[in-house]
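Following this line, the structures themselves.
Consider the two complexes below, in which chain A is the common component and chain B and chain C are the respective partners.
Now for the complex of A and B:
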């Protein structure tokens, strides 16, 4: 039957929007784009994504220097017992851009409130590691919930009165137990080398759970972190040459699910910058020392590994 | 002549000189000299060279010629076959004094005084002619590389084969030089099974010197007990009887699936003969572990994790306190088995101790008690030898640990770690238990980013800095958010012409620089899928380009092997390789410019193939430039 093929096409997309001061300043000053146009094009993409498949689900996170916030998630992502889960779905049926924008506004207000109290950060880049981890946790929790719902239908159906609703929920979740998930990072800043370990750990856990990380780099230069993230997880890294037509990039590259991408020729990552940051000073290095036991990376020769304690006794493999 | 004291090792027909002027003759090689004699004394003079005086040997690829350079002049000989020539070359290599060998191997560049380090490192094994022929036959690319790099004088033999030691050593022939260490059987001691005769209640254990040795190494407490008690307080038989009684009880217990009958731990049932020594050992082990911990950065400490303590009872959130109390006991039982297996693995991996190999051949198979006189002597010998060896090892460890271990604890190191910890993973800090579990949403980003800036990182503060920039940016965002009308998004969302250009860009895999260089041809050339792009090219050209690519990559590998330029030898080698890379770059550039006639899509495809190589060469040359500048700066004026 062809139904099984169609059921798999839905996906869960976690959108990370970089709203750090550095990124905002950069985006606002991009000629022909501007923040408003960027948001409009992004919302167009959001609408398109949710139109592509009825079961597509979306979560939007904003990431700034203080961490990540969940700005919006599809009603289906809310826990079954959450207050007004059903009502919200009814009220904001279409277009979803209305609810997404409202969520973004709330997040921006909340960030401003928190930012007033917090001392000013010297660096303005976003916490990519925190945002990625947050998105991955979100996806994982969705998967757990779907698995739990798929595992316990017998008890719910036997319950009689509310068996119909329980069964409905299971039906909906059943196909989503293995729903493909991916993260799309809309980044506007530069890499913060001190986050190297945390970001790489997030990337590896995404790789392990089969979550794609896509990246659209709008900031200055290329992002080595995002390149590696896309490369290791099988996602797409793209630095738009014409950011003014962002909607076109988003719709033609990032709206597609992993299965469809297999049948298309997408812009590939020609050059991935694999340079790591050293564990001791967080410098980005192209030549360093690697612990032979735990593969920790150092920029200078050490008498013993500071991660695992292996004694090099002056003999270090370069 | 000296023939009697210096026998001729090798005699082959060989011509002196090449071409029409060549003179037939015979080449003879003895231990100290190479001699050539003409068949017809009227046609030429005999020549003699001291082997030690030969500064360089050169061979023509594929032709049976050899050129021996010496201070007194060069001797060019033509053999009847390449095999003859190779034999002579190998013989000469063996005869040459070892100190001179690297010079010969790395060619003219190493002839300069004081640069002996450029040549072969002492451990490099060169392949014999036979090995080399086999390797070349198995891998034509290797042969081609060898021709274009070694025979052209860019790389020395030792450099070339030094990077391929696995081929040379794995290829047989060289095995005779490596002595294999004697191994240990990997059977566990559990294999010493008791044999019952079925008639009486007695069980019998078979002991061989090998097993005794294994018991001693795997269970040091037994070794110590043996040294202390035998033969003063116990005799050999009584000792082993007690050992196996204890062992038998332990086995029986394990067979009952670790359910302790009387609630005792698995470890508790040790005989009091071994217990004091076991405690002593545990104490030592603990001290050693603490010493090892002192070397570890306390902020990131994986060594503190006790690897053997996996257990049936889960840790952390999975731990269930209401589980049956037997589980903990069972866990300790599992631990003890794991410990035994780990200990056994460690002993087997360490290999047979030197000096004990001879004892393994000693007569064996005596019953544990029936005939203990010959065994007694043997066991005592084993125990004594092991003890002596352990003492020596301990002494060596103490000498090594004294220098590194004490330094590890110095205040400087500690302070350095603390400083590093301040710039590292915040949630792994030990000093403040409160901050050990930082939430993901870091409340005070200042500490985080200050640390990054302090570590000398290029700041990412493009935002115009400070609180003003932050609030301005946030206000911008809110203004933009307010301005968007979500229910009536602009249609079209972006400039349609731009969107069309983007669609083309995305679907055509366009390469801006290629299009710029080749014009519209590039666009049509790029329409072929990647796997079809080489189809129209002549196979000869493809093969040639492949060879060039292999050669370039080999050169690059050697080049990056010299970076950073920490010594004069490395710098000299890098300079030499840099020149070769420059030549190679010119060659590649030549291919890029006129490969197949102007304006063809083939040209574009060749460009796509070669450009990454050129870029890699450029990167290497750029790195070389900066390294040289640094060296110049560091050098005293």
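Now for the complex of A and C:
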């Protein structure tokens, strides 16, 4: 039988939903895609993802100007034996879509409460860097736990680990490495150039740990950050031509696991905007000055590098 | 035996009846390879008809074979069928399957599993510890396996408290005999003996074993694949798959319908459900990992492992160490290993030429032995590939080839050709057909398999007429 060929197509998906006021206002006014329709289509995708494989794990984060919150995660992702054990039992009594919805609502109300005190630095857009880092940390912690659980039984004397293995080790029995993981950003806003460095750092760490970043841009214009994220991590960047058909984009492109993507044709990015932001004024630039020592980027000529302190006096010629 | 092969054997009305509930659709969906799953997902929200040209354009050029393989499998399962529509060929998705798929996509998996009468359901009792669950499942299933190996050992017994539902329970010996795993030998004293397929059954993974038994069980219910008894089979199968998809959620016996109750009691006997009394005295059934395996689509890893730890270490000197006390595991090992020592927690044995050829002669394939050893490898051994030393795996295959050095095949010998030219052409034609077994130009002899005789005769007649020899 060919089943062994398909042994491990399960994956861990972190879904980032932009719930910043600017994004919500924009999504609500998109023709054919109200907030309710967006949520309905999103829940279809959640159901489809969980239907594809019983070992699939999901975490949903909401991101706004104040940071990122965990709205929902699969019961198997909860730390074993934590206080959440009771909640886990309760969570399985409900379909995940209901739990996701409840989590989103909770996060939205919390955001509304905190909204008054939120810094206006991002101009009402979401903290993409914070949200990405949060999602990456979550995936990393899941991987660590799985690795610890897998090492537990082989460790022989580590009898205490057995209780912990019951929940988490199962993912690891099939494959050598850890479960494939990816992040899907549903963004409704625009890039905030001041977050350039933090976002790039998050992208590079995702690239290093083999985590795909997919992006579905519902906001106005293209997002250079998300284009680069998808390009560098091998994910898919998509700006739906028909946002009202979001579910079809989600189900036929973003539901694919990493291995199946090698078999099916996917919409690719025709053009990736690689423009960086300068480190001094956080402006997006086409041409700039680069420090010869640390590769920091500046929009104007400086006497010395503000990052590493290298003296440019008399050495830099335009 | 697997869920997908089971489905290919069903008749149209039976499939229709099965897809009246979502469980069969979900379990079938999950047991398909990933490309097939994604094709179905893309079909879910269409009108059900997509042109074949469009579907084949989905594949990347280098992976066209994989997509067409998936499409072939879906067509064989009759989930997709080809039809002509307004001039072009289209794939049509099975309408009932599509309805269930859409339903699950909209309302989620577990929504279905909360019964309509959820409000009146008493709150579930705390689940028994995971160890108890897997221990119970192991104990019942091992009793069944042991009964296959040794007919005199007692088959798994019906757990107490379920007599009202199941009477005397499943007749396990009859079930195994029906599945062709054992045969009754009438003689001076009647006993059962294991058959060739019984040997293969023992070495197969749990998923295959379960489906072998469940298929026979469903057939015994009167819903044999291909027969007309549709609804009962649909109820039974949907119920079984529901057990697996509902993993971890217990169900009160009193809430089940009449037919389901009997099946539930029988499945408790086979170890798929653990009966436990709630504080109020009501009997609740807790699905074990075997139930999850049944609906899990046969992927190893999560499902097959099911909390069971490997125990076998194979060394390159053909020594086998098995950390086990289970009589089933020991007797399975005895099929192909010469046991040298039985220690309290360890079996030491050697794979010898005699022990291996005895197993191979009984109808077990070398690959089955190797995959058994690999599947049940001790975690320490499994961490260091190759899990089964190459020298052992190769030797097993060589021993198998030795047994099949000579084979008999019905064939036709052609001789006394009228002319050398006719002979040459006949040989060339046979080679072209892929039917040339052997030829001897010196003696003008040609041998082809018997199945090709008609084709060769027609060709020779034509040639003779052309050459004017006729």
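One rule holds in what follows: the second predicted complex is superposed on the first by the 271 of 318 C-alpha atoms of A that agree within 3 Å, B and C clash if a C-alpha of one lies under 4 Å from a C-alpha of the other, contacts with A are read in each partner's own complex, and residues count from 1 in each chain.
Going forward, a residue touches a chain if its C-beta (ideal position, glycine included) is under 8 Å from a C-beta of that chain, and two chains touch if they have at least 3 such contacts.
The structure presented is a predicted model; accordingly, all values stated were derived computationally and were not measured.
Student: Give one of first, second, both or neither to describe whether A:67 is in contact with chain B, with chain C, with both, or with none.
Tutor: The answer is first: A:67 touches chain B but not chain C.
Student: So in the superposed three-chain picture, is A:9 touching just chain B, just chain C, both, or none of them (first/second/both/neither)?
Tutor: It touches chain C, and chain B stays clear.
Student: Counting touched residues of chain A, say whether chain B or chain C comes out ahead.
Tutor: The partner with more contacted residues on chain A is B.
Student: For A:304, is the partner it touches chain B (first), chain C (second), both, or none of the two (neither)?
Tutor: So A:304 only meets chain B here.
Student: With both complexes overlaid on chain A, does A:51 touch chain B (first), chain C (second), both or neither?
Tutor: After superposing on A, A:51 lies in contact with chain C but is clear of chain B.
Student: Between chain B and chain C, whom does A:189 touch in the aligned arrangement: first, second, both, or neither?
Tutor: First partner only.
Student: So in the superposed three-chain picture, is A:252 touching just chain B, just chain C, both, or none of them (first/second/both/neither)?
Tutor: A:252 sits against chain B and chain C alike.
Student: Of the two partner chains, chain B (first) and chain C (second), which one does A:201 touch, if any: first, second, both, or neither?
Tutor: Touch status of A:201: no partner.
Student: Classify the contacts of A:97 with the two partner chains as first (chain B alone), second (chain C alone), both, or neither.
Tutor: Once the two structures are laid over each other on A, A:97 reaches both partners.
Student: With the two structures laid over each other on chain A, which partner does A:262 touch: chain B (first), chain C (second), both, or neither?
Tutor: second
Student: Which residues would you name on chain A as touching chain B in one complex and chain C in the other?
Tutor: Overlap of chain B and chain C footprints on chain A: residues 43-44, 47, 95, 97-98, 247-248, 252, 265.
Student: Chain A touches which residues of chain C in the complex?
Tutor: Residues in contact with chain A: 2, 26, 29-30, 33-35, 37-38, 41-42, 44-45, 57-60, 63, 66-67, 104-111, 114, 130, 245, 248-249, 292, 296-302, 305, 307, 309, 379-380, 383.
Student: List the residues on chain A that touch chain B in their complex, please.
Tutor: 19-22, 24-26, 28, 32, 34-41, 43-44, 47, 65-68, 95, 97-98, 100-102, 104-105, 108-109, 111-112, 115, 118-125, 127, 130, 133-134, 189-194, 197-198, 220, 240-242, 244-249, 252-253, 265-268, 279-283, 287, 294, 303-304, 306-309, 311, 313
Student: Considering only the defined contacts, which chain B positions touch chain A in the complex?
Tutor: 292-293, 295-297, 300-303, 400, 404, 407-408, 417, 420, 423-425, 440-446, 448-453, 455-457, 459-467, 469-474, 476-484, 486-487, 489-490, 493-495, 498-499, 501-503, 505-507, 509, 512, 529, 563-564
Student: Using the touch rule from the top, collect the residues of chain A that touch chain C in their complex.
Tutor: 1-9, 43-44, 46-48, 50-55, 92-98, 153-154, 166, 170-171, 173-175, 247-248, 251-252, 255-257, 259-260, 262-265
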